[in-house]
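Dumping the structure here so I can ask a few things about it.
A, B, C and D are the chain letters, set down in written order, and residue numbers restart from 1 in every chain.
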C-alpha cells in the first residue's frame, strides 16, 4: 500500500467527520435570532473540534509525507487514530448540547487524549518501521508538542469537575499550540 | 503538500456538503402531492445552495490550478473557507424551513458573505505566496466579481428586514453572475 | 480541469448518495423479525436505487474515459446530473415509506426521468465539445438505450396512477436493460 | 477502468460507512456518566463493526493490488460487496440498541455472512478474469480464512437463539483471525 492510498482514505474520513459534526447544529424551529441562542455553545464546540480535526489532517499529511512504505502495523495504527477521531462528532455534540458541563467536558478531553496518544503510537510505528535515522525521526526530534499535549489533557480532565472553563481553556490552548506550524518538520520539508 | 492533495480534500468536503444538504429535505409522511408542498421552499433553497457550492467548487479548482506550492498559510486559509461553507447546509435548512423569513434570510446572506470573504482571503494568501507577477495575480486582475459580491451581500442582509424577496433576488443574482465562467482565468488557462 | 478531477468529484458524490440512502433504513425499536417487516418496501426501494446509482457510476466512468478535455459547459452539465441524482435518496425514502403508493411512485419516476435526461444532455455536451467524429460519438452511435429510457419513464409515471406495480416493473426493467454492459462502448475500449 | 479508480470509489464508500455508523451513537440528553451507560452496547457494536470494515478495506486493497484490469463483472461483484457492507451501519445500530438480543444478533451475522460471500465472489471473479496462474490465485492459495469465515457465521446465526454471547464471541473471533495480516499475500507483495 502506498502512503498516497492511506492518506486519501484518511483524508476521506476526516472530511466526512468535519461535515458530519455540523449535523449536530440542528436547524431551530423559530425564525428569530433568539432561536439561534441555544445553539451558541454547540457552535463554539464545533469551531474547536473543526480546528482540532484540521490540525490532525495537516500534521497527518506532514507525517505521511516522510513515510516511504506502509506496513500492516502502520495501517492499523492509522485506523486506530481514525477510530478515536470518529468519536469527536459525538463528544462535540454532547459537550455542546450540555453547555460545557463537567462530565461531557471531561469526556471530550478523554477523546482528545485518546486521539493524541493514538497519533503518538502511529508516529512511533512509522519511525520503528523506518529506523531511528529516518527523516521523520530526525524531524520530530524530542517531539515537545506530542509529549506535552497528552499531559495537558490528563490535567484538564479532572479540572473539568473543579471548573469546566479551565478545561476548555486548556483545550483551546493545546489547539493554538499546534496551530503554529512545526518549524522542525517544515524546515526539513523545504531543505 | 501538493495542490492536488488540498484540492482532493476540498472536493471531498464540498461533495459531502452538497449531499448532506439534501438530508434537510425530510421524507414527508403523506403520500400525495400536498405532502410535497411544504417542502417547496426547502427545495428552492437547496437548489440555490447547490448552485453556490458548485460555483465555489468550480472556481476553487481554477484557482488551485494556478497554485504551485501549498504553504501553511494557504492550508489554513482553505480550511477557513471550508468552515464557512460547512455552515451552508445549516442556513439552507433554516431559511428553507422558515419560508424565507427575514432573520434566516439575513443569516443565510451572512454565511455567504463570510464564505465570499474567506475565498478572497485565500486568493490573497495564494497571490502573496507566489508574488504579484504570478499567473493567478494576472488572471484575477482587478477581480470585479470577487469585490462586488461581498458588497452585494452586505446590502442584501439588512434588506431582508425590509422585504426578504429583495435579498433572495440579490443572492440569486450573485449566483448568476458567477455562473458565467470567468473569461480572464479561462483565457489564461487556454493560452 | 482534467477528466480525472471531474470523475473523482462525481465518484465522491455518488459514493455519499449510496451511503446516505441507507440512513432511510431507520433502526427499528423492536428486536424481533416482525420489527423488520415494515422496512421491507424501504429495503427493496433501496436495492433498486442502489442499482440505478451503480449504473450511473459505471456508465459515467465509461463516458468520461472517452473525454479528453473538460469545458465549463461539461462541468455544469455534470453538476446538473449530480443535482438530480442527489434527489434519489429523498424519493427512495418517500416511495419506500409509502409502500409504493401512486404519487411517490410517479415522483420517483420523475427523478429517474430528470436524471436520464440530464445524463443525455451531458453526453451531448461532451460530443459537441469533441466533434461528431470523436470516439464517444462513434461509440454511442444511435444510443438506443439512452433514447428509450426516458420514453419508458414517461410511460411509467402516469401508469403509477393506474397500478403502481406496472411502474415499478418498468423501473426494474430499465435498470436490467442498463445492467447489461454496453457492447459498443466496451468494444471500443478494448480495440 | 483502472483498479485505482475502483479502489478509490470503494475507499470512499467504506470511509463514509465507518463515519455514518457513529451517527447511531446518539448524543444523550443527560450530562453525567449514567447518560452514557445505555450507549455502551452501541459503542461496543460500533467497535466491532469498525474493525470489520477496517479488515475489508485492508484486504480489499491487497486484492486490488494484484488486479491488472477491471472488467464489467469485477465492477458489479465489487458493487455487490459494497451493497452488503452498506447494511453494516443498520445492523450495527439494531444490534447495539437492542443489547445483543437474539434476532438482531442473528441478522448481524447474516449481513457479515453475505458480505463474506460477496467478497469471496469478487475474489473468484478477479481470478477468473486473470487466470489460475495469476498472482492473486497463487497468493490466495487454498484460502483457509475465506472458506472458514462463512462456515463460522452460519454456525453463529442459529446459536444467537441459544445464547447470543456465543454468536458475539464467534464474530469477535473471526475478526481477530482476519486482523492478523495474511502472510501469503504479504510475502508475495514483498517478493
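Keep this in mind: a contact is a pair of C-beta atoms (placed from the backbone, for glycine too) under 8 Å apart; a residue touches a chain by one contact, two chains touch by 3 or more.
This is a predicted model, so every value here is computed, not measured.
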Superposition of subunit C upon subunit D: rotation angle, C-alpha, nearest 5 degrees: 90
Subunit D against subunit A, contact positions shared by both copies (same if over half, else different): different
Distance between the centres, which are taken as Cα means, of subunit C and subunit B, whole angstrom: 27
Intercentroid distance (Cα basis), subunit D paired with subunit B, Å: 38
Per-residue overlap in subunit C, given as positions that touch at least 2 other chains: 8, 12, 16, 20, 23
Subunit B partner contacts - residues on subunit C that touch it in the complex: 1, 5, 8-9, 12-13, 16-17, 20, 23-24, 72, 75-76, 79, 82-83, 86-87, 89-90, 93-94, 97-98, 101-104, 107
Residues of subunit D touching subunit A in the complex: 7-8, 11-12, 14-16, 18-20, 22-23, 25, 27-29, 31-33, 35-36, 47, 50, 54, 57-58, 61-62, 65, 179, 181, 186
